[in-house]
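So that you can tell them apart, the chains are marked A, B and C in the order they are listed, and the count of residues begins at 1 in each.
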Amino acid sequence: MLREFRMYAVLLRAAMRGQLQYRANIALVTIGGFAYQGVGLAFLWVIVSRFGALGGWSLTDIALLYGMRLTSHGVWAMPSAQVLLIDLAIREGEFDRYLVRPVNPLIQLLTRMFPIQTISDLLGGVIVLTAAASASDVRWAIGTVGFLIAGIIGGALVEFAIYLAVSSLSFRVVQARSPMLVAGTIMQTAGPYPQPIFPSAVRAVLTFVVPVAFIAYLPASALLRRSAEIPYADWLGYAAPAAGLLLALAAYRLWMRQLRHYAGPGN
Amino acid sequence: MPLIRVEGLVKEFRRTRRREGRFGALRTLLTRQYDVRRAVDGVSFGIDAGELVGYLGPNGAGKSTTIKMLTGILVPTSGVVEVDGHVPWRERERNARNIGVVFGQRSQLWWDLPLIDSLQLISRLYDVRGVEYARALRRFTELLDLGEFLHTPVRQLSLGQRMRGDLAAAMLYAPRLLYLDEPTVGLDVVAKERVRGFVEELRAGGDTTVVLTTHDLDDVERLCQRIVLIDHGKVLYDGGIGTLKARYAPYRELVVSLADEPASAVEIPGLDVVRREDQFLAVRISAESTGVADVVATILSRHRVADFAIVEPELEGVIREIYANRAVKP
Amino acid sequence: MQVRTAMSYRTDYLFSLIGLLVQVFLLTVVWRSVYHGRDTVSGIDLSAQLAYTTIGTVQYWLFSPWTFSIVPERVRTGRIAVDLVRPLPFLGQITAAQVGLTAGVAPFAVLALPIAILIGGAAAPGSVLAGFAYGLSFVLAYCLATLFGAVVGMVAFWTTEVSGFFMLYRMVGQFLAGALVPLWFMPGWLSALAYVFPFQAMNYTPLAIYLGRDHGGRIVVDLGVQVGWLALAAGLLLLVWSRALRRVISQGG
């Protein structure tokens, strides 16, 4: 296991060095990324300032939720966004090469390139989160801060699990890109919203089918002492980080098993 | 014990039959029907350590599929494949340490980084110790003449330079087994010769077993003593080139250039004329027949000859005929 | 030709449709939640708001430039040199390409609309006049979106790395166009800001007319504003175009 981490670091550094060649683009892409996140936030801000609350959540509550979602996404994206390009890696013959090296193919896939677009994701997320956290009425101490971090990492792991599981379709079916886009859209759109606004059927789906709720809403609920709002079990919020870990491990095992069906490009 | 052992190897690919027309995609999804394609259909052979084997076949014959099973990329549908006593796809990473692979169509080097960076990275991926890396780097820089472009980003290299880089990368960690998949494709004459020279050196060294997949028959004639011919997933021939030519094309051609008559004027019974063109005549002479001298004498006695030449059968022609007949004459 | 290219990305569009519908769903859920039993807020009742979201989101999807014109691609591959031999037709070509793209995408919008309405709900136009005026405003808005898209696409003549810039334009544009929040709910200063930019004329205006929010004489003003922006856009396009031409010539292509 240790060796794998070492290999990951080596490969990631190489990928970063590769991207540094295109410096000007990094700034532009980062700005674009901020714009993307900013708009979502602006929407929520306008709504809540006009209407007072959303689903019973105040502006600071929502900002915390939003910040957690963004940061989680950034934590996922920087090391793992390349999983979205699995179709490309297979089609171009890169994946064949991964299988011929004594290094875990997933690690090689994730480090094939460094996704500079994700810098803004993480940076923006941290900025919003910090602002929201300081404005929020959560009492920040070692316990709560620790849980916040655990919740964010857990959320990143959930996103990782979802994308990884869907990406394994690429081994059996020609394209995983479209299903991944759908999963991404659902996570992106529904992720930063407090679940009480959704009809109960949708809440169930977002909790147990595509576990978006675990990404930010559930841990945020726990922090904001809103666990009573969770219809299934009020400890679900506290379980979110652990759920993330379990889901990620399960997705990884699924991926490795599906690898056996790999048929190479153009078959 | 052979280094590579393949027995009754089969690989099937299932592909969903796409439905055409409106809502084709939807119907494909709902009513799944499969086409099964047997890319490799019961292939068996053994390769001993130190051999240099050419693996030939037309496109779609099952060459790359076999190689991919040998390298652990694909999992066989059935049959046995063993490399150095291990099953490649089961122990992929362990197998990977023992093999070097060069895909002619796709470089394994990092595009944006200088060549030396790629070599360094690979040495780390394969846990090559510093001292050994330095030694290997020196050796291959010299052998492949990498010196002048070691520090150039790979994306700026010519195809020939990239191929040399890939060869160095593949051999950096001294693998026992080297798979070359179309290593000379797209290269100019000089570059091709460089690659062939390098492979020949490796073979002479004796430590490396080489499996060469190629369409370029000059590669084969230059390098291989043994070839395995595959078509439609089955092995058609496995043996030496000389034997193949002798068995399949046990003839030579006598090309005669007549002095003042058209080729059509030659009417000699018992002569196997295969081609006539202007005043050129090509006569097939079998190995067991009366012999070249007799045929030449017969023609000379009847016609005035300006020139003649004896042509050996080409490997290409032989192989083309084998594919056409899909069998090898016993 | 662009229609054919659009068709070849059929799966892409289908899946972006799913994204569209997910967005409609989310927005309508949010609106229902904030209305929370109240019938009218700021003079807009819930059904009107939902109709805005439903029709508006599909409309915005139809208008928003998928690829910011063919210019960046042409510049990158170098084909622009050939195009520049015939400049005026080329401008026409850009717009034609965009229209072709929209034509290819339109069936999907038509497909999505009823589903979106099912999710969100719709409303009839405020009046017969509103219906007609909507049609006119719709066309104007579309032209405006296309022309501005072409202007923005021209940035490709100055830099090959355009994705960040496009993203900025698209996002800010989306917000100020009222694609998420209608202008009537924005705080005063924000909606005033929106009027400084052409975006609201590309999306909000037709919807406001349709729902009867802008009625009577106001409609004339709205249409006039759209025309004004259109003229500006055309002028801007020609200006940027001539500059781009000059730049290419001075750079040797």
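Here is the rule we go by: contacts are C-beta pairs under 8 Å (C-beta built on N, C-alpha and C of every residue); 3 or more make two chains touch, one makes a residue touch a chain.
Computed from a prediction, not measured in an experiment: that's the story for all the values here.
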Nearest-to-centre chain - CA centroid comparison: A
Most distant chain from chain B by Cα centroid: C
Distance from chain C to chain B - Cα centre to Cα centre, in angstrom: 56
For chain A paired with chain C, centre-to-centre distance based on mean C-alpha positions, whole Å: 29
Approximate Å spacing (C-alpha centroids) for the pair chain A, chain B: 46
Multi-partner residues of chain A (at least 2 other chains): none
Numbers and ranges of chain C residues touching at least 2 other chains: 11
Sites on chain C touched by chain A in the complex: 11-12, 14-16, 18-19, 22-23, 26, 29-30, 32-34, 41, 161, 163-168, 170-172, 174-175, 180-181, 185-187, 190
Chain B residues touching chain A - in the complex, by the definition given at the top: 13, 15, 68, 71-75, 89, 92-94, 96-97, 99, 101, 103, 105-106, 108, 110-113, 117, 121, 124-127
In the complex with chain C, residue positions of chain A that touch it: 22, 24-25, 27-33, 35-36, 38-39, 42-43, 46-47, 49-51, 54-55, 175, 178, 181-182, 185-186, 189-190, 193, 196-199, 202
Chain B partner contacts - residues on chain A that touch it in the complex: 7, 10-11, 14, 17-19, 21, 92-94, 96-97, 99-104, 260-264, 267
